[in-house]
Amino acid sequence: MRLRLTPREDSFYELFSDSANNLVTASRLLSELISDDSEREAIAEKLRVCEHVGDEHTHVIMRRLNETFITPFDREDIYRLAGTLDDVMDAMEAAADLVVLYQIKQLPRDVVQQVAVLERAAEITAEAMPRLRSMRDLTEYWIEINRLENQADQIYRRLLAHLFSGEYDSLSVLKLKDVIEQLEEAADAFERVANTIESIAVKES
Amino acid sequence: MRLRLTPREDSFYELFSDSANNLVTASRLLSELISDDSEREAIAEKLRVCEHVGDEHTHVIMRRLNETFITPFDREDIYRLAGTLDDVMDAMEAAADLVVLYQIKQLPRDVVQQVAVLERAAEITAEAMPRLRSMRDLTEYWIEINRLENQADQIYRRLLAHLFSGEYDSLSVLKLKDVIEQLEEAADAFERVANTIESIAVKES
Amino acid sequence: MRLRLTPREDSFYELFSDSANNLVTASRLLSELISDDSEREAIAEKLRVCEHVGDEHTHVIMRRLNETFITPFDREDIYRLAGTLDDVMDAMEAAADLVVLYQIKQLPRDVVQQVAVLERAAEITAEAMPRLRSMRDLTEYWIEINRLENQADQIYRRLLAHLFSGEYDSLSVLKLKDVIEQLEEAADAFERVANTIESIAVKES
């Protein structure tokens, strides 16, 4: 019996790693998209593919979760972890999509910084995933995610103030605010991923 | 003992069917409301009644859930299913409410299509509910909900682009965007209903 | 064994009381902030401190939850109660933050009423928390929270209509709408707190 359960347990770790690596790919595409205004449609299309891959991961995790009697950690935690990873992807894809849909030519300069923070958050999340197995050395990851979330928050607030500084007409404010809010939502979702992982780790300790 | 549990189990199926049928009524009212600009206040009032009925269903489901020791499926799934059905209703009622509150005279033509998708989603959701008992023949329902959600998404994106095309002043954009976003939220919530039902079905299989 | 579990159980009641009392403090600061436009930055800073204290409470509750084998009520309910109390705080802090960030000079008069409802909701929530232990005399609290939520909803809708009445330019509408929506979100979150407590009480009865 144990023999049959072990490979299933393992597959959760791998699926979460795949999901997080997919976020790294997506965050890099997002970074390209905002710095290059000639290839936006093509890059947004690639991000859409990433999002479908992510949906597929989530779907497999949920299916496996429902089929597996014994799971490596709490069912609700697996459910939450898959859900929050999915939230990050959705927010990043939505931001890219809106840039194209609204035909935004010029993004405020701080958006580059906002996306750089997401890229870094994706990288350290992907690096942390394999450590779920041993539940060791996760403290640095939480500290860094928290630092990044605070940084994202400051950039976001600065961007909001900038939008209303008088430089933009109200339709531009509406468009840019939508994009910036999706990027902030992605940063928040990265923090929820970290909180879920912390909650798992505490139970295991 | 079994005898006393059975009627309780049954009541969940009936309550979910009632909830979904209530969404059919609400989606038809919404369709009336957007095509007829003379009776809007009266129709919005009827939708408000629907929403109260829906709240009552949710409340009864939650109460029953908390009182029942053995449930026909996972407690968390029942909780989620009731919650997502409630989300659909809230979004539809909010959309109707905003049309009246903002005194919107003319809605963009594609909003009719957006609401037609919701009407269809409500119908197939209500048709699927009785099949929760046997857990059979649900595949068509998922495929169709996914198709509808993709369609809703395309209409939504086309509407967003249209709003910013220059035809509308910024206050009108703000008002219409609120309505259109609530309708999109309703379509998303229908998909979450279908995902929850899928999750229940996988566990039962 | 029982002896060792009792102090842990007790600590949940105390932590929830602390959390709710912190919301009372925050709602009073919010009330000060909107009536006094000279001290806004200083008051918003105090609210930020409140929010950090709230985060700390949530964190301690989650940690205790994950470490405790037997909890006074359902794990998921404890999780939800901590989460919804946190939602109230986040929404109130965000509203205050936006007033300062957007440098809003004059708020519509009804915002005072909107915040007064939040203050009252915070007070009765804090009063109800110690009664979680006996699960008695909670009915009045639910009735009053529901009444307050309906009142908040009416004020919110009146404010929305007022924003679009023609008195405000579109950038002001955008700013004020953000603030008003956060306050409405706080009222909604108070209702979710009450619903969670009701769900706990039904199970215990």
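The chains carry the letters A, B and C, assigned in the order they are written, with residues numbered from 1 in each.
By definition in this document, contacts are C-beta pairs under 8 Å (C-beta built on N, C-alpha and C of every residue); 3 or more make two chains touch, one makes a residue touch a chain.
All of these numbers come straight from a predicted model, not from anything done at the bench.
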{"item": "Chain contact graph, described as a line, ring, star, complete graph or other shape", "value": "complete"}
{"item": "Turn needed to bring chain A onto chain B - CA fit, degrees, nearest 5", "value": "120"}
{"item": "Centroid spacing, where centroids are CA-atom means, of chain B and chain C in whole angstrom", "value": "27"}
{"item": "Multi-chain contact sites of chain A, meaning residues that touch two or more partners", "value": "76, 170, 174"}
{"item": "List of chain A residues in touch with chain B within their complex", "value": "62-63, 66-67, 76, 97, 101-102, 169-171, 174-175"}
{"item": "Chain A partner contacts - residues on chain B that touch it in the complex", "value": "76, 157, 160-161, 164, 170, 173-174, 177, 195, 199, 202-203"}
